[in-house]
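For reference, chains read A, B and C in written order, and residue numbers begin at 1 within each chain.
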Amino acid sequence: MKSESPADNDGLPAILLCQWCMRAAVLTISDKGSIGQRQDTSGPAVAEVLKTIGAVIEKYEIVPDEVESIAGKLIEYADILGLDLVITTGGTGVAPRDLTPEATRMVIDRDVPGMAEPMRMESFKKTPHAVISRAIAGIRKQTLIINLPGSPKGATENLQFILKAIPHAVEKIKGDPSECAAL
Amino acid sequence: MKSESPADNDGLPAILLCQWCMRAAVLTISDKGSIGQRQDTSGPAVAEVLKTIGAVIEKYEIVPDEVESIAGKLIEYADILGLDLVITTGGTGVAPRDLTPEATRMVIDRDVPGMAEPMRMESFKKTPHAVISRAIAGIRKQTLIINLPGSPKGATENLQFILKAIPHAVEKIKGDPSECAAL
Amino acid sequence: MKSESPADNDGLPAILLCQWCMRAAVLTISDKGSIGQRQDTSGPAVAEVLKTIGAVIEKYEIVPDEVESIAGKLIEYADILGLDLVITTGGTGVAPRDLTPEATRMVIDRDVPGMAEPMRMESFKKTPHAVISRAIAGIRKQTLIINLPGSPKGATENLQFILKAIPHAVEKIKGDPSECAAL
């Protein structure tokens, strides 16, 4: 039986696929999604994009728009599972319950402002409403955490803007000692 | 008698104008302006621009470049008056008494970096000196607070860069539950 | 005997050169450089660029990638030497020991986000990897501190993007009371 969960990776356990790969989680932040009142299409869409850069999606979960729930999952993914990459989708706007950036900031050791800026900059060229995305990116231990907006279109489009930089960033975060001539 | 204060809205009380509008304040930050040694032209210029998006200017005041004065006004506008939008002008540079961003950061619950970034980005295309604007934007309770530079030209030009996004942002901050397909 | 140290300014003491100039330091952050295992080419390259805007390089030192070492030097340059400008090179990436932004944030009184944003924005046009630069800029007392990446190419290229704005910024930080019409 083949599950259609985006965390599935065609049924193979991550450990077999992964000599050299990115171990990733996708965390959807949605009140309605977390109680089954809305189908989450953003999480699976993000997972598909991540697979194009060789990421193995080990976890895909949905939590409500609550700081503790979000922060708890981020800590679990970084500290217990030791994942390389965590992508969140949802909760980055300005509505009262949009608290993903606050939860993320609470758990990161170091921020990576350069990942959030070009997402907004490129989105801004398409729509003035891009300014309300408060998404951030940062590092907890050896895990890169990146916030994306909540809509499937917004999430995947934003991810594409910085996608090429992710594998190199993940290597560096793990301590790859090679020189980085361009920077 | 018709006052020429930008807070006047042609003499009509805000409550009559405002079934569905943005209730706004303009706060000019200027040592000289606050003691009447310089006429404030930035505040009124900003107010004129805000009226083009339907804002009703309920308050227009001038305070000196002091953290306590600025923060006190922002708290009053957000917590007591419950305004939708507060625009500050002045005190965003790097001079010793430019402390508006610090005062703003002190009172906001959540920051909105995406509003400050495009203002600098677009200004930077015109002048390299745009880099010294330290303006921020953020949300206190249900009030959107945006810092603008102090010159009339700088303030209105920067405001224009993000003007279209403000009404939607204000709706979202108040908890408008409609979906936001683009983001 | 003429030293080739970039801090040398052709052998003249800074006080003679400097009626009206920027008193600057270049701080290279490099584990290997600090113990003589790698020759630092970035620091001298940055110093050359700074001289084109009239900076007198009073200090040029190399410290390891340690928060205390970096922060200690920044405090010395700002509080004891009272320099106008400190440029750091190195330690701005995402590797485990890249801690220059954290050390800088620890000592600055006010941040200047507008200096870091265009460096990344312009670099991003050349390479997607620019997103991992976590460089910041800020002010401690009357000293402007700017982080640059560690490679000679990355450091000088980034510096060039904002170079024209530095003299004006330094004047303003010192309290130049002249009006700034553009902003």
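Methods note: a residue touches a chain if its C-beta (ideal position, glycine included) is under 8 Å from a C-beta of that chain, and two chains touch if they have at least 3 such contacts.
Remember, it's a predicted structure, so these values are computed and weren't measured experimentally.
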- Message: If I superpose the C-alpha trace of chain A onto chain C, what rotation angle comes out, expressed in steps of 5 degrees from 0 to 180?
- Response: 120
- Does the chain B and chain C pair touch with the same residues on each side or with different residues, judged by whether over half of the numbers are shared? different
- Chain-centre distance (mean CA atoms) for chain B and chain C, in whole Å, is 33
- Item | Residues of chain A whose C-beta touches two or more other chains | 117, 121
- Where on chain C does chain B make contact in their complex? 110-115, 117-118, 121, 139, 142, 144, 162, 164-165, 168-169, 172-173, 175-177, 179-183
- Message: So in the complex, the part of chain C that touches chain A is made up of which residues?
- Response: 93-96, 98-99, 101-102, 116-117, 120-121, 123-124, 127-134, 149-151, 153-154
